Amino acid sequence: MAKLNIVQAINLGLDQEMAKDDSVVVLGEDVGVDGGVFRVTDGLHAKYGEERVIDTPLAESGIIGTSIGMALAGLRPVAEMQFSGFSYHIFHQLEGHASRLRQRSLGQRTVPLVVRMPFGGGVRALEHHSESREATYAHLPGVKVVIPSSPRNARALIVAAIRDPDPVIFMEPKHVYRAFREEVPETEEVMEIGRSEIVQEGSDLTLVAWGAMMRPALRAAVEVQNARKVSIEVIDLLTIAPMDSHTIVESVQKTGRCVIVQEAPKTLGIASEIIARINDHVLLYLEAPVNRVTNYDVVTPYFGRELDFTPDAGRIQREIETTLDF
Amino acid sequence: MPRTQVERFSVSHMQILDDDGNADPELEPKLTKEQLLEIYRLMFLARKQDQRMLKLQRQGRIGTFGPCTGQEASSIGPAYALGDSDWLVTAFRDLGARLVRKEPLINSLLFHNGFEEGNVVPDEAPNVLPISIIVGSQALHATGIAYAMKYRGEKAAALTFFGDGASSQGDVYEAMNFAGVWKAPVVFICQNNQWAISMPRSKQTRAVTLAQKAIAAGIPGLQVDGNDVLATYAATKEALARAYAGEGPTMIEALTYRLMMHTTADDPRRYRNEDEEKAAWEKDPIPRFRKYIERKGIWDAKKQAALEEEIKGEVDATVKEFESRKDFQPEILFDHVFGTKHAEIEEQRAQFLENLKLKSAKAE
Amino acid sequence: MAKLNIVQAINLGLDQEMAKDDSVVVLGEDVGVDGGVFRVTDGLHAKYGEERVIDTPLAESGIIGTSIGMALAGLRPVAEMQFSGFSYHIFHQLEGHASRLRQRSLGQRTVPLVVRMPFGGGVRALEHHSESREATYAHLPGVKVVIPSSPRNARALIVAAIRDPDPVIFMEPKHVYRAFREEVPETEEVMEIGRSEIVQEGSDLTLVAWGAMMRPALRAAVEVQNARKVSIEVIDLLTIAPMDSHTIVESVQKTGRCVIVQEAPKTLGIASEIIARINDHVLLYLEAPVNRVTNYDVVTPYFGRELDFTPDAGRIQREIETTLDF
Amino acid sequence: MPRTQVERFSVSHMQILDDDGNADPELEPKLTKEQLLEIYRLMFLARKQDQRMLKLQRQGRIGTFGPCTGQEASSIGPAYALGDSDWLVTAFRDLGARLVRKEPLINSLLFHNGFEEGNVVPDEAPNVLPISIIVGSQALHATGIAYAMKYRGEKAAALTFFGDGASSQGDVYEAMNFAGVWKAPVVFICQNNQWAISMPRSKQTRAVTLAQKAIAAGIPGLQVDGNDVLATYAATKEALARAYAGEGPTMIEALTYRLMMHTTADDPRRYRNEDEEKAAWEKDPIPRFRKYIERKGIWDAKKQAALEEEIKGEVDATVKEFESRKDFQPEILFDHVFGTKHAEIEEQRAQFLENLKLKSAKAE
């Protein structure tokens, strides 16, 4: 069992699935010889050759449009968008085809496609390298969206995504790509898509986060627990769509209070949907408004100002306290 | 050295049948009598189904559709050239090609009456994809499929159709460019029917031919008379041979004409004149091919009369079957959102069924 | 004062603005000689010529990318997407440029662009001709989204959109394009972008809708009011982004109950955001969960099954009653 | 008739300066001594700023950037050909062109340190758009701007740069195709520096030249030696003359080389060999042009030494000014979401300021 970071863990998952199933192919810009700009596909080109690890021309719609064709013809393409900020070119192929072909053909045609994309801020890169737009994809029926938060669940989710019969948007929180290591077993681990995880049990407040926000969220939870006699239940969303309302709703029913941490802008983010589901199912259990700690509805700032906008542990802590004190 | 020509390109045009049904003996493809008659039958069937659908639409018995009349040769010739393992990836005006590939006639009615059932093909038509409406987007699928064929070492290719309008879409350019890089076995057929709804071909691009779009992708491009079914067949056969041999993609511009409205929601009198239409009818691909088979001595008025009778019967029977179909369960859509079960979808299915029940209770 | 339908009213607004300001140009597929497939631009080509009413090649990214250039250079392009279902090709140009150029240049560059698009179901057309994806655009900071519901507000909003300094997505509910007529004054009327409208006052429940859903919503409200002694406050959202929370929040504070009608799929639709804002501001005033009457999270059905999925007056009425009885 | 050539095309290559700095007398553009020295100065300044930025980046004093070293001739020549009313629409590797158009040197530092202030240009640089990162997307803006120029009857054009990688994007194809249809006054310059991050030009497309991409749009295309500033200048001048005369767009492929890493986050040793790089350094555009002005007798070692001194001073002063800048108000971003005021944004601004206060209170 090796201690891996998220980049290595995804790489391991890809490698193992490729070894097992030669219908799995990897494609994208610079994923081959270069091993991907973040090195997630490092070594795969050397190991599996250029027919299976394909350096494509620079055209995202082309990458996903052809991946859809490959998937229709029985391959299991794992396409990389170099950054989620360049994934919008594929929206019509996702909305118009990947998400629809199953229903269009009443199950006769399927698109087992994985679209990997690093997303979110924190790497001091150029414009378009720091958005968090999972909600844009999660609003599309027929598309699954998953976001790992640690090396171990990243490996287990990429394997699940590859084996999944549907298009899966696999969003990689690049801020924590190399932030920490975790033991990742060599042997197979698959995590069910469509399930959230309670990473810490508690009874006074439910704290929901995903991706890179898990770390400041957990830090904030610890701070609050150190400062007051409360216990906080922390949920890692993991699957964004189709969402696991059940786990959240049950937790809020127990705690009566909820804070949601979201790196994306406020309006129409995942947090809004979570609030709507809490409203649907357990409104009467709420002892305070659900509190969403989010980015602001401004155009994603360049990195010089980025950190002033991103939710951090301090702000999360304050909002947890506000919610507890409500 | 200071200013030198570094590359030269050309675009050729191919025609085999002349207007009177005489074939160029050097280029005439080797097709058996049965094959020739099968092609003719398919062209005729597509035309007759188109005409019937127009009536059904006008009577409100199906929804909007885009007639294929005039494009039987540009659609059927290429499809007829395909082998059993090849894939067909079409847009929305390719009834002819789909019939060649054994899609049931009823599908066109189901589809245009708003039921996904019209996209389900039987085992005899294994590699036919559903109609793709997003102009040009399907060309990329063909490239991806072709890549898969090549990757698995199968002797198979993908054939995709798109229009002159579609040739302006980035997706089509990317599809050809990717295919070029990958030497993917694809045949791109641009049915240049001169119009994209109200836009004449001349306003779509300053390029003089659409075949020259292939040059940007570094792949072979050819223009053919798209109303000459022997030419569309032969050009596609040639392209397929290249594809099977690992020589990569080809683009073919088939020059034809959209003889009818864009769709039944469209009125071409707003934007084109009747003289142009009349002149185009003179080049109708069906009489041209009929002259050819008549000259060959394998067709005559009697056979024609019998065929008309037979096809009328087939179309009638299909319409009847279509109108008797009542098996459209609305809730099956919940079955096909995902290939896996999810609580949220199942809860919504239950709500949906409840609402449906309440709605029909009220309606009664 | 003439009685116009929505198509005619938008046409009037376009015509009057073009007459007034020759920086206004109209472009798109078939908008010129043909007058648009729904005839919204009918007559403009004959009146203003092909340089101002431009029949473009068939490429949506091209239409919006060039429109952004025109706007940067001082024109006021009004671009048409033939159907909202074909607008996804432009997502990267909207997300990456139209919405950002103002902030990117700290106000030095602006993109006064209108993107018109018919959306929503009800016309028995082919696939991709019936979605309602306003939420996809409303999640983008820097983009305004408006949806008229009647001839009069359609005219007043198109004028506002053209004069607005920012990119405005102007979504036209095609189901009611010709459903009814209304008096539309010849003289200028401009409606402020960013405001909702209370179309009927009431005190027992707040009913929020927009676009084509306004009509079944109002029908349902009347039915309920006829059946019981209640009064329903009906709000027409009109501007989807930036949203006018104030009007809704104030209304719910008064009524304590709210039903939202949305043609779009459930997850992450506009209704979710409205619920989140009610939660933020007036949770404690709620006497029942906010009830959202929406489409389902299935791939948009072909028209044969469409009506079974779309919210209708009967369903809205039942949900209003459920909420009143809660 | 059956198979006939209907169109012929060719791609030419132009070079004016040879490797030793000799100019072809027939093609040599008429530039004054002052102009030649100004071009040389700009090339040198771009190179020196690039080198300084690399140091600053390595020291963590600015963020990632894409060095322009090696592309001074392909970037500066075209920009130098522009008239005052023309527009410049660049990607991210065009420091040279931007300096020609009077964008302040400090902008490159501000921008690459993550501040939007680096995109604001002074009045002397009126028609320079901010850097565009989304590969190829900006080409469409140039076409739109050009349309606006033409629409208003202004004698002005738009010039846009993009890379060999970008030539694969549908947007670039659409930009050229729209420009062709509209006869819009645009000059498309594809800086083919042989690499798109790790992708060699040969894997980007099967087209032998990138200039032939113009054929798909039906517009003139030309290949030039992109390390020859006289050639890039002259070709652009010619294209601009056509544009002003209402003859529409031109595409120019400028053959050059990315001498450094893609960006400072990239390591080219993973994918290309040093021999190739060494050979490319032999074709460095700056010494080549220096030889030319030396041959002309308007440059010598003493002038060179003075220029180096002067530019060092300019770069030093700019870095100093940059590092003294402290006027970056975070909350101004709320000012530029919209051009109109909205309650929701104002409420969020207040929350933002409150959070900022609490955060810095805690930090103290």
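In this document, chain identifiers A, B, C and D correspond to the written order of the chains, with residue numbering beginning at 1 in each.
As a convention for this text, a contact is a pair of C-beta atoms (placed from the backbone, for glycine too) under 8 Å apart; a residue touches a chain by one contact, two chains touch by 3 or more.
Because the structure is a prediction, the values reported are computed rather than measured.
Two chain pairs are in question, C-D and A-D; the one with more C-beta pairs in contact is C-D.
Using mean Cα coordinates as chain centres, the one most removed from chain D is B. Taking each chain's centre as the mean of its C-alpha atoms, chain A lies 30 Å from chain C.
Centres computed as Cα averages put chain C at a distance of 39 Å from chain D.
Centroids of chain B and chain D (each the mean of its C-alpha atoms) stand 43 Å apart. Between the CA-based centres of chain A and chain D the separation comes to 35 Å, rounded to the whole angstrom.
Counting partner chains per residue, chain C shows two or more touched chains at residues 57, 59, 61-62, 85-86, 89, 92, 96, 102-104, 127-128, 141-142, 242-243, 267, 297-299.
Shared interface positions of chain D, defined as residues touching 2 or more other chains, are 116, 133-134, 168-171, 174, 177, 181, 203-205, 333, 336-337, 344-345.
On the chain D side of its complex with chain C, the touching residues are 87, 89, 116-117, 119-121, 129-130, 132-134, 137, 139-149, 151-152, 158, 170-171, 174-175, 177-178, 181, 332-333, 335-340, 342-345. Contact residues on chain D toward chain B in their complex (touch as defined above): 1-16, 24, 26-27, 168-171, 173-174, 177, 180-181, 183, 203-209, 211-213, 215-219, 223, 248. The residues of chain C lying in touch with chain D in their complex are 25, 51-52, 56-57, 59, 61-62, 64-75, 77, 92-93, 96-97, 101-110, 141-142, 144, 164-166, 193-194, 242-246. Listed in rising order, the residues of chain A touching chain D in the complex are 29-30, 32-35, 37, 55, 57-59, 61-62, 85-86, 89, 124-128, 266-267, 296-299, 301-306, 308-309, 312, 314-315, 318.
Within the complex formed with chain A, the residues of chain D that make contact are 63-64, 92, 111-116, 133-136, 165-166, 168-170, 196-199, 203-205, 265-266, 270-271, 328, 330, 333-334, 336-337, 344-345, 348-349, 351-352, 355-356, 358-359, 362.
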